[in-house]
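Some structures to go through are shown next.
First chain A sits with chain B, and in the next complex the same chain sits with chain C.
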Partner chain A sequence: MKPVTLILRGLLVLAALLVLLPLVWTLLNAFKTNADLLVSTPKLIFAPVWDNMDYVLGRRSVSRALMNSLVVCSYAVLLGAVLGVPAAYVIARIKNRATQEAQFFALSLRFLPPVAVAIPMMVIWLGLDMYDSRPALIITYMTITVSITIWLSVPAFERVPIAIEEAARVDRLGPYAVFFRIALPVAKLQVLSAIAFSFILVWNEFLLAMMLTTSRAKTLPIIASEMSQLGMSVPWGILNAAVVLLSLPPLILLALVGTGLNTAFSKKSSE
Partner chain B sequence: MATVECRNIRKCYGELEVIRDFNLSIQDHEFVVFLGPSGCGKSTLLRMVAGLEDITGGDLLIGGARMNDRDPGDRGIAMVFQNYALYPHMTVRHNITFGLERTGVGKAEIERRLTPVVDALGLAIYLDRKPVELSGGQQQRVAIARAMIKTPEVFLFDEPLSNLDAKLRGHLRVEIARLHKTLKSTSIYVTHDQLEAMTLADRIVLMNQGRIEQMGTPEEIYSRPATLFAAGFIGTPNMNFMQFEVEGGALRDGLIHLPAPAGAQGQVTLGIRPGSVEVLPDAAEGSLPALVERDEFHGETRLVSLRCGTHSLMASVPAHMALQEGQELHIRLPEDKLHYFDTQTGQRLD
Partner chain C sequence: MKLGRSLPVVFLGPALIVLIILAAVPTLYAFNISLQNRTLSAPDADYVWFANYIALFGDARFLNALWVSLKWEVLTVSATMIVGIGLAIAMFEAATPRWRNVLTLLFIIPVLLPRVCAAFVWKFSFHPLYGAVTWPVRAITGETPDILASPLGAMLAVAFVDVWQWGPVFAVIILKLMEALPPQPLEAARIDRCKRWEIHVFITLPMLKLPLISLILVKAIESLRSFDLVYVMTRGGPGIATETLDMYAYSQGFIEAGKISYASGMAVVMLVLTVVMFTMIWKRLNR
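And then the complex of A and B:
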């Protein structure tokens, strides 16, 4: 191996460790007792305990927040996909002033600082007497899921060769059949990745949830953050266990659609 | 089987008119090739026949019925695309049968029709593969099979061979010709390759800038090109052109003296194919002195660049005729092989 290659490999390993070590550390700490945690030299070898996990999973607030997160995110993502994917197809296929503006509008939703959305939303939901409810959070989150689904699905549909759709029209397919039978299956992987990414974004969302919920509709990130305020001393083990629990669904999703997600972001053509 | 008729067809993109007043009548069973340089409107025209492009004005009739407003699927056509346009998510078998399934043909009937088509194109072993696992030539065979199985009234080919390498192109060209012989479907074939046009066409429609430049059998267009454009576009190597001023009923400069065609005035362009230029070792009656400038070996023949007075021209000679650059020789331009064109209008003059 050439020395340059060796150095570059070393750099890669270093970069990977920079990303992975804190995660591994969090994972380990989730299974430590406070005695093992609060030592000046981090322990790698220790007797793992389930106490932290048990505590987190055993709390009613956590299980309710988990349900809230699952329901709110699933609906927001589902509705975002139902609205966003066909919209992306139209934007990709019909190029005119209106669709260009629509595409930019979808992106511009993400330019707004969340606080600028949260305060008016809070007023609206309070006025409608829907504050601190799942539907309110679902509809608010749809602004995120719809815009991300559109933004990431447009390039996916643009990569479907137009000639394939023309061949389908010659094969007697109408516009809806062309979308469902041809364009959607061909762009499937990247569209799914776009949807998965929108799920991860709303799953991790903190600020809007904090401002729009007080008790009933609290999501997992809110509960996880509350764990840090449990007492005089920070309960590190419990906090770490909550973080691990919170990270699992996005990680599983990433593993499932990881490759597709990568192509959706880099503009490489997919075969 | 059906006729195709274009009556005063126009196509505009906004203000820009790309095809104007296009009239063409294609007979049943006929194989017509639209030939022309890129941007001449030949593909646009084919796509209008297919229904993939709106017709701005005029009428399109297939089998006597007006088709302007019908969907592509209801025109009785099948199309083969330049980049194959196979459905990437379906197997080869499904690609071929998909169109039939959509029209509600029964499973047993589809199977019955699949076998001969697959056999004719040698696709039997690929049926369960996906298009990405096939080479370009195989993919285009699948595309042809997909078109064939529908037994369309009219076959449309949009530059089907231009993405393939030269050897495969020749091979598939022969195959398309053979298929047309057995199926006898009316076919429209778009290409910019004159060899494909010459070998496949019953009739060539030579197009330039949205108009028909000349229409006729390959022989007619080759032996009597109607315009300067047709003369220059058809034939490899290209025809030689020499410009003359008509003076007193003759074309002449210091060296060349030829009778002008009747009624010729002003500028006249004289054309002769390199293969028609006779190269003589010695001076003879009516011969002209010429100087060899370049000698290209082409295998069977040599292509020689000659300078003859103020004109330069190419001559195609048998490969065994050894010529040196700078050598002086004599050429003759046989009168029956000369083509005269009006330089201004580009029209043929006899």
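And then the complex of A and C:
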């Protein structure tokens, strides 16, 4: 083996450790007592305790925020999928000026700075007396979910061979049946990973949730960030536990659609 | 390709209508608010027309935020691209297919984590008394380095976390792009006894010029969404050293004064800057 290869491999190992170690470390910290955690020399060996997790899971604000996050994200993603996936199919199948503009418009929503959406939205929801409510947050999040679902589903449908749709049409399937019984099942995996990605985006969303909620509709990231402000000293053990819980859903989704996501990435390259 | 007469309208129409409403209403509303003198405490307001905008450009803190945002964009975008290209080449040259798969999965993780989480993970690692990153310095010199307390250190530390999240996933995307390149030019170069770095500098990277520029644009757009990172790690501090535009708009509109119209004016400036700039670049790229 050449020395260059060896150096490059070392670099890769280093990068992999840099990604992995902070995560493992946080996971360990979530099970430490403050006496084990707040020490000058980091401790690798310690007696794990469940206290931090217990504290986080036992708080009413956390369980309520968890419910809020689940309900808000699920509805926003569901509505995003119902509206976005069929739209992506049309954009993928009809190539003309209008659909190209529609595709670009969906992407350009990502250019909007979140603050520029959050401030007027806050005034609007205050005016409608819907401020700090789940529906307000769901509707606001649809900006994210609809556009990202369209954006990521278009390549999924472009990959479906036209020939099988033609064949279905020869067998006298109508256009709607072709979509629901042929195109959608064939593109299923990639469409699902697009939807999973839109879920992760809104699950992680912070700025909009913080500006649009004050108490009832707070989502989990907001609660997690507030835990650093409990009293004078930062409760790092509890914070680590909250970080672990908050990070779990995206990681579970990654594991679930890991293969799907992999193919989505290779699609990008073949364009 | 025939989709029937009604399907395109039924499928595309609702999504477009919803998106247009969700985009147009807040934008027009933001502009409308920015022409008034609304505050959070008082519900009624008068039109002051462009007074907010004029005040903005005499506001040293706003100009600072503009400058910080610009520095942030340049720093994070260039560092992410360097890390992405570097790791991609390393994987392309030195990793077997199986290792590429393992690393791909691993490298996707950071970007999927909530930014709040990434910020807390690293904030604790940078902690002057208990952090794991600062531990070697503590152990050797006995000092307690507070990275987040110096203006430059804070900026670099927050940028580091951003690159930690985005660099690896960019490496994966660039690797997939490299794998999809036609092998003939690379083989020809090898036969001509090109060195390996020459192959990348003169062949693969130039061949990937367009997708790489699109990636730069994508990162520039995502870098604008750094509020969570800055908010958790520094709150714009020390002083206003890491106060980006969205951070300043937030503190003007919500924390300090509740000057919602003033913050809105700032948001409109941001909106116009980014949308006009990115639309022009994107359209030009895809022509």
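Operating definition for what follows: the second predicted complex is superposed on the first by the 257 of 271 C-alpha atoms of A that agree within 3 Å, B and C clash if a C-alpha of one lies under 4 Å from a C-alpha of the other, contacts with A are read in each partner's own complex, and residues count from 1 in each chain.
As a working rule, a residue touches a chain if its C-beta (ideal position, glycine included) is under 8 Å from a C-beta of that chain, and two chains touch if they have at least 3 such contacts.
These figures come from a predicted structure and were not determined experimentally.
*Asks:* Should the pairing of chain B and chain C on chain A count as a clash or a fit in the superposition?
*Replies:* fit
*Asks:* After the superposition, just quote the angle formed at chain A by chain B and chain C, using C-alpha centres and rounding to the nearest 10°.
*Replies:* 90
*Asks:* Return first, second, both or neither, reflecting whether A:Arg169 touches chain B, chain C, both chains, or no partner chain.
*Replies:* Both partners.
*Asks:* Check the residue A:Met121 against both partner chains and state whether it touches chain B (first), chain C (second), both, or neither.
*Replies:* second
*Asks:* Looking at A:Pro185 after the superposition, I want to know if it touches chain B, chain C, both of them or none. Which is it: first, second, both, neither?
*Replies:* first
*Asks:* May I ask you to decide whether A:Pro161 touches chain B, chain C, both, or neither, giving the answer as first, second, both or neither?
*Replies:* After superposition on chain A, A:Pro161 lies in contact with chain B alone.
*Asks:* Check whether chain B or chain C contacts more residues of chain A in the superposed model.
*Replies:* On the superposition, C touches more of the residues of chain A.
*Asks:* With the superposition applied, I'd like the minimum CA-CA separation between chain B and chain C in Å.
*Replies:* When the complexes share the chain A frame, the smallest chain B-chain C C-alpha distance is 7 Å.
*Asks:* Can you give me the overlap between the chain B contact set and the chain C contact set on chain A?
*Replies:* Overlap of chain B and chain C footprints on chain A: residues 169, 174.
*Asks:* Touching residues of chain C toward chain A in the complex: what are they?
*Replies:* 1-4, 7-8, 10-12, 14-16, 18-20, 22-23, 25-27, 29-30, 33, 38, 86-87, 89-91, 93-95, 99, 101, 103-110, 112-117, 120-122, 124-125, 127, 129-130, 132, 135, 138-139, 164, 168, 171-173, 176-177, 179-180, 196, 221, 224-225, 227-228, 231-232, 245-246, 249-250, 253-254, 260, 263-264, 266-268, 270-271, 274-275, 278-279, 282-283
*Asks:* Which residues, counting only chain A, touch chain B once they are in their complex?
*Replies:* That would be residues 161, 163-164, 166-174, 177, 182, 185-186, 188, 271 of chain A.
*Asks:* Considering only the defined contacts, which chain B positions touch chain A in the complex?
*Replies:* 50-52, 71-74, 77-79, 81-89, 98-99, 102-103, 132, 146
*Asks:* So in the complex, which bits of chain A are touching chain C?
*Replies:* 4-5, 8-9, 11-12, 15-16, 18-20, 22-23, 25-26, 29, 37-42, 83-84, 86-87, 89-91, 93-94, 99, 102, 104-117, 119-124, 139-140, 142-143, 146-147, 150, 162, 169, 174-176, 179, 200, 203-204, 206-207, 211, 221, 224-225, 228, 236, 239-240, 243, 246-247, 250-251, 253-254, 258, 261-262, 265-266, 268-270
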